[in-house]
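Sharing a structure, written as structure tokens. Questions coming.
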Amino acid sequence: MIFPGKGGEMMVTAIILLRVERTKVNDVAEKLADTEGVSEVYSVSGRYDLIVIVRVASNDDLADLVTEKMNPIKEITDSETMLAFKAFSPHDLEAMFSVGM
Amino acid sequence: MIFPGKGGEMMVTAIILLRVERTKVNDVAEKLADTEGVSEVYSVSGRYDLIVIVRVASNDDLADLVTEKMNPIKEITDSETMLAFKAFSPHDLEAMFSVGM
Amino acid sequence: MIFPGKGGEMMVTAIILLRVERTKVNDVAEKLADTEGVSEVYSVSGRYDLIVIVRVASNDDLADLVTEKMNPIKEITDSETMLAFKAFSPHDLEAMFSVGM
Amino acid sequence: MIFPGKGGEMMVTAIILLRVERTKVNDVAEKLADTEGVSEVYSVSGRYDLIVIVRVASNDDLADLVTEKMNPIKEITDSETMLAFKAFSPHDLEAMFSVGM
Amino acid sequence: MIFPGKGGEMMVTAIILLRVERTKVNDVAEKLADTEGVSEVYSVSGRYDLIVIVRVASNDDLADLVTEKMNPIKEITDSETMLAFKAFSPHDLEAMFSVGM
Amino acid sequence: MIFPGKGGEMMVTAIILLRVERTKVNDVAEKLADTEGVSEVYSVSGRYDLIVIVRVASNDDLADLVTEKMNPIKEITDSETMLAFKAFSPHDLEAMFSVGM
Amino acid sequence: MIFPGKGGEMMVTAIILLRVERTKVNDVAEKLADTEGVSEVYSVSGRYDLIVIVRVASNDDLADLVTEKMNPIKEITDSETMLAFKAFSPHDLEAMFSVGM
Amino acid sequence: MIFPGKGGEMMVTAIILLRVERTKVNDVAEKLADTEGVSEVYSVSGRYDLIVIVRVASNDDLADLVTEKMNPIKEITDSETMLAFKAFSPHDLEAMFSVGM
Amino acid sequence: MIFPGKGGEMMVTAIILLRVERTKVNDVAEKLADTEGVSEVYSVSGRYDLIVIVRVASNDDLADLVTEKMNPIKEITDSETMLAFKAFSPHDLEAMFSVGM
Amino acid sequence: MIFPGKGGEMMVTAIILLRVERTKVNDVAEKLADTEGVSEVYSVSGRYDLIVIVRVASNDDLADLVTEKMNPIKEITDSETMLAFKAFSPHDLEAMFSVGM
């Protein structure tokens, strides 16, 4: 069953690609995972260092998280935020993550 | 609480950045979300069209999903798979998603 | 006076960079300017061909505009959508554009 | 109704893509929004940090704004200015913004 | 003596970087050099194929030249137009080129 | 009439794309415009900061100008020199600029 | 005979592209070759400086090698890790390298 | 123990990054793994599709393998060959692979 | 002894980076090596396919070679010509190659 | 006559693209031209600063020249070495350059 994120107070989801100072990858990951609105942080193979999944209530919360919480973290050298337009999933993401908020 | 993915039969997580033929974004998203091992597919703003979160049992399953299931989808014009080394999250992802597998 | 887009039913603004088939720049611009939610379309110098300013009521409207209205326009060869987190302006953009919606 | 920017003392519009020191995004946005000729500044998702919409009376004013006002702002690390050739909009941009000049 | 392009009906100058189908470089150069508003066309070494110097009376003329005259030339595969903010030269460019217009 | 730069002591023309420290754009432009062999310097919109048109008597003069005069200017952060193979122009560039040399 | 890495405790193989401070290429190569899990390090022609072949028992070992052992090496300026999905080889790589583990 | 590939008839090693038509990744991998001189082929995560490890007796053999054997494979869309200057490894690669040649 | 290419009828040298259709690399190399003014053609490892060393008498000859002889070769997909400003060599290149012209 | 570099103790040829600190271009060129194995160094127009032609007896010599002689030159900011697979030339390069070695 697919939840194409339709109607009601929709969870705002964003995926953020991060490049981080090489020696600080785990530290930054843990700091972000402690940040309200951050659902998951993955250290990854490939060209990026961390991928952050954000699940918040509004665009304002997303804006605050990026500009007020993430931007001040100096060890982040580059970031690219992507807003999720629609979510397609066999899981009921709204239920899973709103319960866990 | 952070689950740095330590020990035991660990879920193998990967994040895949996809560029898709512009008129086929939703179709491809739905086809992928129906594919075993695909946890979430997001259509997103920015340079990429879709971001796929894969949660499987082994690297072989990941390899099969990418080479046997995703590669044959012709509307995908470019893909970049990133293996998650470690997951940091306030949620117990193993419990949440293994239940949902 | 600066309207940092705080609180209440906020207008969702996005800026979209487009590359278009060279001979179809004006046609695509006119088609987009006729599309509900599109506030302005500029043909521009530089690496991109068109820049679209979208002002809509919700992320869903933005998602529909991008995936349902813009993506099917075949003459668009590449697009990059950027969500506006905050607007800073000497003008009262909410008043100016919500009146004009 | 579309205003393809034809004849008469036309407003000169430019869109400027900016990369900014990560911890200074809001400060730079506010400083620019206070600058004569700057109509709107948006902090945005994606590869850029700020997008500036400039509406001035002549190319000289645009040149002065870029070289005399923007270039000296050290926190701006990269900028790309795009001149708007033509504007297509359901709004009467000339009226809306010349009133607000 | 330097003419920083100050005041009066200033000539609008633009420099355009073009990539052209390899076998059509000279043909496109000659076609462009015959176009009103085009001052010089150079076939060049390096990553680009042609560089066009445009000298016209207004932004509208520049817009028409790019969108109406250049864009329809199918052998041009990529173009990047740069508006000259200021001209610095030991020559009196206004006199030299306005005479020759 | 087109001057495809044929035979006789031909003027050697080159176009140079420059990136310059943002706060030094005008200073560098004026310094270059005072340099023998530099015909025009334009501050421009887009990805580059300055575009220099060089018109000299020989490749050696071009080499000296680039390596001896331009390279030592520290505020230039990146440069890309393109030799003009042929010039196509309604103007008699040889006459215009050799007189002005 | 081709070993497409099927079933059983499979060796996890990864190939890592490294850019290294130019004067430290050999030092870094020797330090990595001494690291448990590193099978081969090649200094190479082309855009990269070193290519590392890693052969370990699990994704966790790969994660530890990259984040704990490689990331702290300051002379590495850029790294891109690629997980091998499948190995195709006339050699019995499992036998050759597990013996040598 | 590290074999910095010193003296005697040295094995010539090269690493080749390949992009392949998405639906032909495994086919091309198997065809290459059957080619004399190809030691290993890995299908990989990340921006490339296949990574080929070549171990041959001379530069001529490497040249023939690339230009005569690999280039004619149409499903390969892009390739980048890197010659190994030196090999650093705890394994005696010369022995392991020359035996297996 | 270094010949910094000073004074007298200097040989004009250029180095050209070529990408060629993968299956036509040797054919194009042989065709170019038969072209007057082409001193050497190398098929190479790395991102490019062929590197051409041109040694001619004048810029016009270089222009003709590039636009009249090389551009019409359809199997060349991309080319980047670089003019040699100065040559530094223990060999007397002028003597070596002018004899062989 | 074309020497496709076939058989016997073949000269190993490599072409190296270098970016150099802008004020040190000639110094680095002269230092390299004095280095055994370096046949020619050209300062060039375009995106690179120097192009080095290396002609040595073996891959080891090439490796030593790159890692031991070139890498320690701090003014070189970026280098890309390309091994010549085959040489096609009307000149007998082996004779010309082995005599001059």
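A, B, C, D, E, F, G, H, I and J label the chains in the order they appear, each numbered from 1.
The definition used in the following text is that a residue touches a chain if its C-beta (ideal position, glycine included) is under 8 Å from a C-beta of that chain, and two chains touch if they have at least 3 such contacts.
All figures in this text were calculated on a predicted structure; none of them were measured in a lab.
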Completion exercise
When each of I-J, E-F or H-I is compared with F-J, the one sharing over half of the residue-numbered contact pairs turns out to be H-I
Exercise for the section: Consider the two chain pairs G-J and I-J; indicate the one with the greater count of contacting C-beta pairs. Expected result: I-J
Exercise for the section: Could you grab the centroid distance between subunit B and subunit I? Build each centroid from C-alpha atoms only and quote it in angstrom. Expected result: 48
Problem - Between subunit D and subunit F, centroid-to-centroid distance (C-alpha), Å - result: 30
Fill in the blank from the handout: For subunit H, residue numbers touching 2 or more other chains are 26, 43, 45-47, 63, 66-67, 80-83, 85-86
Practice task
Show which residues of subunit I lie in contact with subunit J when the two form their complex.
Solution key: 2, 13, 15, 26, 29-30, 32-34, 38-48, 51, 53, 80-91, 93, 96-97, 100
Fill in the blank from the handout: Counting only contacts in the complex, subunit G reaches subunit B at residues 5-7, 10, 12, 59-60, 62-63, 66-67, 81, 83, 85-86
Problem - subunit E contact footprint on subunit I (complex, rising order) - result: 14, 63, 66-67, 71-72, 74, 76, 79-83
Practice task
Could you please specify the touching residues of subunit G with respect to subunit I in the complex?
Solution key: 45-47
Exercise for the section: Could you pull out which subunit F residues touch subunit D in their complex? Expected result: 22-23, 25-26, 43, 45-47
